[in-house]
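Chain lettering (A, B, C, D and E) follows the sequence in which the chains are written, and residue indices restart at 1 in each chain.
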Amino acid sequence: MHDEILLDVKNLSKSFILSRSLGDVINGRHPQVDAVNDINFTLKRGETIGVVGESGCGKTTLGRMLLKLIEPTSGSIDFGGEDISTLDRTDELAFRRRAQLVFQNPFDALNPHFTIRRSIYEPLVNTQVPEEQHDQLVADALVRVQMDRMLHLLDSYPHQLSGGQLQRVVLARALVLKPDFIVADEPVSMLDVSVRAGILNVLREVRDTMGLAAVFISHDLALVRYVCERTITMYMGSVVEDGPTKDVINRPLHPYTRALVQAVPVPNVIQSHEPLALTGNLPDARNPPPGCRFSDRCPLAEDICRQSRPPLRTVEQNRRVACFKVPEMTAGTA
Amino acid sequence: QSVSPVRALTLYSRAQAANPQQYQAAELIAQAWGDLGLDVTVSGLPQNQLSDVVWYNRDSWDVSMWQMVGRPERSDPDDFVSNLFHSANIESGYNFVGYSNPEYDRVAEAQRLVVDRDARQALIYEAQDIVNADQPYVFLVYPTKSYAYNTAVFDDTTLVNQPGLGIKNFLSFIAVEPKGDQKDLIMNVSNELNAINPYYISGAGDSWMTELIWDRIMRIDADGLPTPWAAESVTWNDEGTLATIVIRDDLSFHDGMPVRVEDMIFSLESPQRAGVAPMYKPFVDPIVAMEKLDDRTFTVELAQPNAAFETSTLSKVNIVPEHIWAPLLDALVEGETAESVLEDSRVGSGPFKFDRWNQSEVVLSAIPDHFAAAKVDRVIMRVVLNVEASLGMLRSGELNFLTDYTGDPQLLKDAADADDSIAVVDVTDIGFQFLGFNCRRAPFDDPAVRRALSFAINRRLIAGAAYNGFGRPANSHVSPALPFWYNAATEELPVGIDVATAMLEDAGYSIVDGQLHYPAGMTEQY
Amino acid sequence: MPQAIEPMGTASTDQTAAALLPHLATAPRRSGLIAMLGRAGNAFWRVPRESNYAKVGLIIYLIFALTAIFADQLVHYEPLEILFADNYQLRRNLPPTTDHWLGTSYSGRDIYSQLVMGTRSALAVGLTAAICVVAIGTLVGLVAGYFGGWIDNLLMRLADIALGIPFLPFVIVLASFMGAAQSNVVLGIALLLWPNSARVIRSQVMSLRERAFIEAARVTGAGKWRILFVHIAPNVLALSFLYTSVAVGWAILTEASVSFLGFGPSDTVSWGYMLQDAYASQALGRGQYNWFIPPGLCIVFVVMAGFFISRGYEEVLFPKLKG
Amino acid sequence: MLLSVKDLKIQYKTRTGIVHAVDGISFDVPEGKVVGIVGESGCGKTTAVRSLLRVMPPVASYAGGEIKFDGSDILKLSEREMNDLRWRDIAYIPQSAMNALDPVWRVGNQIIEVLTKRGGMKKAAAKLRAEELFAMVGLEKKRLRDYPHQFSGGMRQRASIALALALSPRLAIADEPVTALDVIIQRQVLDTFSRLQREFGLSVVLVTHDISVVAYVCDYVVVMYAGKIVEKGPVKDVLTSPSHAYTIGLYNAFPELSADEERELSPIEGGPPLLLNPPEGCRFRERCPFAQEICKQEPVEVQVGPEHFSLCHRAHEAAEMREQARDPAVWRGVVTA
Amino acid sequence: MKYVMSRLLYAILVLWIVGTILFFMFRLMPGSPLAAFIDQTTTLEQQQALIARFGLDKSLFQQYTIFLQNALQGDLGQSFFHRRPVTEVVMEALPNTVILTLSGLVVAYIFGVLAGAYLAWRRGSTVEGIGIPLALATRAAPEFWLGMVMLAFFSFYLGWFPAGGANSVGLEYDSEWTRIFSVDYLHHLTLPVLTLAIYLQGLPLLLMRSNMIEILQEEFITMSKMKGLGSRTIVLNHAARNAMLPVATAFALGIGSAIGGNVVVETIFSWPGIGRLLVNAVSASDYPLAQGAFMIITAVLVAMNFVADMTYHLLDPRIRHAASN
């Protein structure tokens, strides 16, 4: 099951044209943000992949492109062998059934004017699933998200539910179409620690039992570690590291990933307080530094880093990294 | 035998806002005619739309309210008698109702040529009788005009009350004497002024200004008859076709230039030119020739005797300075008239000279060495659009001469009763309010119908209810304000729905199911 | 072309799911519109219960609405009928009596009857104009806000232009050009007043458009019209209502002003007409407070009621402003 | 003891009734230490810390207790005395720095305002001090001229720390200062706290719902649940041997980064009770897998170690509970509603 | 820069569109356009001549191009009634209207902002309980009625103020400036300005109040309290300053309704301004004048909007730095 490629992302980029301020106009600038910059990766059927990175590095933008919610500036996304940018309305419906989204903020993800029931049935109506199947599918989804004991909530409105319950509803709505693929954009960051675990467990279980492929976006490596097999690190729109989660966390190769891992606090009294191997602030996304975009904060940066962009190279089996300072993979390790 | 019904009628009137009395009268008439089986709707229109319908599309309307206003030159009956009902004026002249009666035409033409006053009186009476019989108009009232002034400011014995015009007249403005420190005569006008131009009669208050700034050869005297003014004498030959005019030697224009015979001739001659002063042209049309005899004398020759010439021409035409106007008139382009020429100096030779005019007032100041120098220092005409405000300003002393009061006369009376320093003077107008039938259209082409409809209207009711008692029931185009010419016999009119119904039935009309029907065989052609 | 989805789950979950089925089937299903209307109704009644402003406003409206409906029963005379006393006199300028509750006008008409009849035209103008304004405004706001881009640009420039035209003068010119009729006043109001509500609704839509639940509708395959009218529109309905109640006031005020200036129809009695009549007939100077105060107060009350209601709704439904 | 809170009770009057947001809490803040307050959303953390400055919405009121700051009872001070104490002695760092800075004032001017109005400084001196403060929190001084909206989230948070330090207060109260930030900036901000505490002997009350943050910077921790303090003590004691079922649960629900074994997380099912009518007895009872009959009685604070207290009837069995709680199955199906 | 340009372009566009609409509207109006111009005694030939003179015999399109050409040169045609260039007539009235509008707006906004801030501060008190309904009531009162009541009371009954006009009778001034700054002018200006201001103050008052209330709940206000700043500093330096920003936008919108309001206020108080000119011109079918007056009113509105817009742009740093075009 893990061999078939479900999603193939090639040279994907997205730039947002920003509106110009008075100063921009005077100086003749046309500011734009390269939110996602030339990304390549593949996702196999049933694989879960975590995308980590600092705020603003383009995670959400990537996720939304994968679901055809925004059009890429360039590059292509093949889903199940088909380029999703060329879908017609029927094909798009078919795509929508197979690819779903779980939202960061459950309090906002449900139409406040719809009952929970209506929200869960809505995808079935929208994608024209025959009506006799609806109940069955909904029942399945409710069981999956462990809401089978909360049926009385179905006729409530979103504002009457707690965050944890809402996020289950959001999950149920995403799963009701039995998709092959979901994007979960920080699905637990708005939730209390006590209920977080519940959602994470459901995600893990669904991953295992439904063979669902997933892109799990977070800036918390601990969460990614709990849910994903593979992890991609992004920095300013580009992938800087890609590899199996465990390896990435235990042995980060890119200096940025290293800082990221180091920065995650742990609920443990004994932990290192050594200073972060990272200086400065995130550069202005409108004029990123030339060369490696991390070069101005990188403790290891050398001249070459400031001059040219490091390509994303495969350095070990299943591991890719975009850094000049990481030694080339030795042939033998393959 | 089947008879066909009279169509539903629209009775046009000025909009209620603009002329509530007229509108009210129209509604009363509509109510009364309803009892005769006519379906009448009153439609109040703004001035321009009303004149568009009634004046410029003469075939298209049925009945309309209208009015003729009194002006000094109308103190001779000729203007109304010759113009209103003469068939020559049906197409584009004053006879907009399309009344045509050869007998009337004959009388109207004849009265002009008769210089003898008693003989002419008989003809004028006859004209009134014909109109009374044919009822092309339903005369409603001669409005009573009310003027008020401040007795604390003015010596009331010095005011001149002229028949048909009241105390608002040229002579008053000259003669009135201030009692105290307030030496300005401040009067009001209820409309926006649109021009102060010696070649233009706008119908608004500005003609009062024109009259003060520009002298005339003759002026209407307190008895309503013309008397020499800028002329020392006006003498006629026996046929009444040649006038010899000797001008005063003490006249000069406000810019210092003397008033010459040439100016007089120019003033009478220039309106004759095509397209210069359309409003004055009819007044000077009777003149066939003029000749300067010496520096103070000239002659005016008419084709035929004209009884009204002194009143409507010599007392009417402004004496303008040739040195200012001749070049202006020469520069007129095609289609342009002297009416629209902006001549800012407004130099005349009258007892007042033009000072300034802004949006809200016109100021004239007296010329002390004019032969008829005014007693006041200035005459100020203030535009006060709001009646209420004009009354308020009279009370507060901001106005001391209420010359244009369009509101409820009772309120003015009350104000005078409450305030000793306010005196009110009423006068019956030379002009009148009426309803015009379109005599071109059935059933109004039938004098019997017109008569019946006229008799159905209770004029006393109209005067009381629409004009609040400030109007005198009318039945002639010559006002009782001109007692010598007024034919009192026309007052005897039968009144009442019964009379009217009977008359209609006599003429073959019938009321079926509450609706008026034509006599058998006649049908609606509209 | 419906496409089936195979249910596929593990045996154990299937069992649990099967147990759920009857519960799903018996519960009320997707009664979307009815539920929504029910909710809207609830909100409608909730507001006057929670806000005194809305309560007072609704009561005032109710009184005027009843007056308008039963106007024919309430009047004593035809509002435009000229009343006569004996001896050729009008019953003019009478002070209030048992026969003429508010006295008579200068032209001998019963003021009370005019006041009652005026309610009708006020409400007619107010409601039709408000509905036109808000309908246009809502539609434009929805479309501009949701589609953005050149459509938005175009519509908003149009709105700018409409806002750049002086309102009352325009209605006056329109009324005198198209003829003095209330429908033309309504037209003028509709043509120029929609941008206010359109702008607010547009910005609301623009923020709704970015909300996650709209994105959710997109990922679950909803088409753009469905999103616009099923998901977004109900969320701006309250706002539209708010604007309707304000617009009623504007329309009535405008109609009154136009009539007052003498550009209104002379055969329809409205409060503006009454005030114009009073003003032109020197009621002020005569001190006929019984004539020019009541119509003014009626206008104040109706318009104020609209403001009160909108305020109440704002307080309860958009509690950010709650005072 | 710099700050000592005793049996503090705060209520909100609402349409539906009285919300007992803070229901008799007591804790101490020693000089120069960082005290963390953790707890689920809505358990009263913000209410508690804001009351320390006596700045509360009009609907809130003190229903009892005392707050002693350096020996004087804050609740007994006149408004004038209180204003004098505010910011000079106790400063505040808000959760969302965006809303905490006036959007129409330059950031620098907001700092200068405090320095001149409250610190009695001349404008020029205040300007220098502001630059100093910015340097202290690692911001460039040219950014003093910027408006808040021109700052990124992390910079804003640092700016509000600079603002808080303006008058060199003795106690800083920070309400979730890092919740909205991502890990790297969070780490930088936390490091700034630690540094200031070390260098200036600043005491800090730090509100968070993330125990790992507590573990990283705090000396003491106070665990709140539904308006009450359920456990408090030195960080290392509480984290190594949590003695309240809720603390244990929180700990188990938390994913760890470095742990080698694949531990399944256990959620605490259900949600915290409404504070409108809090249940009798232990408030955690309904979600607690270890609840017994006794838990229906009002629990009393038990000392389980030096400076370590727990509000659990079964605190003495804590070691046992910790052991059982490792099994996720224990936590499942506790709440049936 | 570009922003200023685009706003200017927009202003010109609005004027052009308004001009076009008006042009066609007046040409299609019922009644002869010359009815007001042609005296009842003029002959048909004279009428023809006049029609030719005003270019009314040309095709509508030709007339339109001529109109545009002239308008570009500031020539709005000849008033039928006044027999003078429209521009001249309108420009005489313009200062009065601008002064009336601006004074009304300024009085209204100063009062509204202060009262709104006060009501927000005294939230929940009886003052508020009376203040808000009162503010709503003044917004609901038709200006002309308000004007009527003011006139009846202050002028007719008390006699404190003149019943209309802009200057007392017969006074003469050296220049327009001395006229405008004379006590007499002020005396005449008071009632109309008061009427306009009473009508206009409701909007800023309510807006200011709700903004203030909203702002007073903002975290940064709470923070200011925590900083131990005095309540005066908080209200003035922080709350009021923030709350006033939307009021500035409302000011721009208020201009529109103020100018509309002018029409009736000027009519009631016989104020020699453009509004009254327009009403008179429309009723007299003096369409070049009506058209010109309307254009100038529009221009004033657009210009004032433009200024208000620019001010707002400079006032709010968020807007100043963020996207504006």
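What we mean here is this: a residue touches a chain if its C-beta (ideal position, glycine included) is under 8 Å from a C-beta of that chain, and two chains touch if they have at least 3 such contacts.
Keep in mind that what you see is a predicted model, and the values were worked out from it rather than measured.
Asks: Keeping to the contact definition above, tell me which chains border both chain B and chain E.
Replies: Touches both chain B and chain E: C.
Asks: Need the most distant chain from chain A, centre defined as the mean of C-alpha atoms.
Replies: B
Asks: Return the chain pair with more inter-chain C-beta contacts, choosing between A-D and B-C.
Replies: Result of the comparison of A-D and B-C: A-D.
Asks: Could you give the separation in Å between the centres of chain C and chain D, each centre being the mean of its C-alpha atoms?
Replies: 50
Asks: With centres defined as the mean C-alpha position, give me the chain D-chain E separation in Å.
Replies: 55
Asks: Can you list every residue of chain B that touches 2 or more other chains, as numbers and ranges?
Replies: Residues 18, 46, 388, 392 of chain B each touch two or more of the other chains.
Asks: Among the residues of chain E, which ones contact at least 2 other chains?
Replies: 30, 151, 156, 268, 283, 321-322
Asks: Give the residues of chain A touching no fewer than two other chains, as numbers and ranges.
Replies: none
Asks: How about chain E: which of its residues touch chain C in the complex?
Replies: Listed in rising order, the residues are 10-11, 13-14, 17-18, 22, 25-26, 28-30, 123, 128, 132-133, 136-137, 139-145, 148-149, 151-152, 156, 209-210, 213-214, 253, 256-257, 259-261, 263-264, 267-268, 275, 278-279, 282-283, 290, 293-294, 297-298, 301-302, 305.
Asks: Please name which positions on chain C make contact with chain A in the complex.
Replies: These residues of chain C touch chain A: 1-10, 13-14, 16-21, 23-25, 27-30, 32, 35-36, 39, 211-213, 215-223, 226, 231, 234-235.
Asks: What residues on chain D touch chain A, complex-wise?
Replies: Going by the criterion above, the answer is residues 40-41, 152-155, 181-188, 190-191, 194, 209-216, 235-236, 239-240, 249-258, 264-269, 271, 328, 336.
Asks: Could you list, by residue number, the parts of chain C that touch chain B in their complex?
Replies: Its residues touching chain B are 82, 84, 87-90, 92, 106-108, 176, 262, 266, 276-277, 279-282, 284-286.
Asks: Could you please specify the touching residues of chain E with respect to chain B in the complex?
Replies: Where chain E meets chain B, its residues are 30-32, 35-36, 39-44, 46, 49-50, 52-53, 78, 81-84, 92-93, 151, 155-156, 159, 162-170, 172, 268, 270, 272, 276, 280, 283-285.
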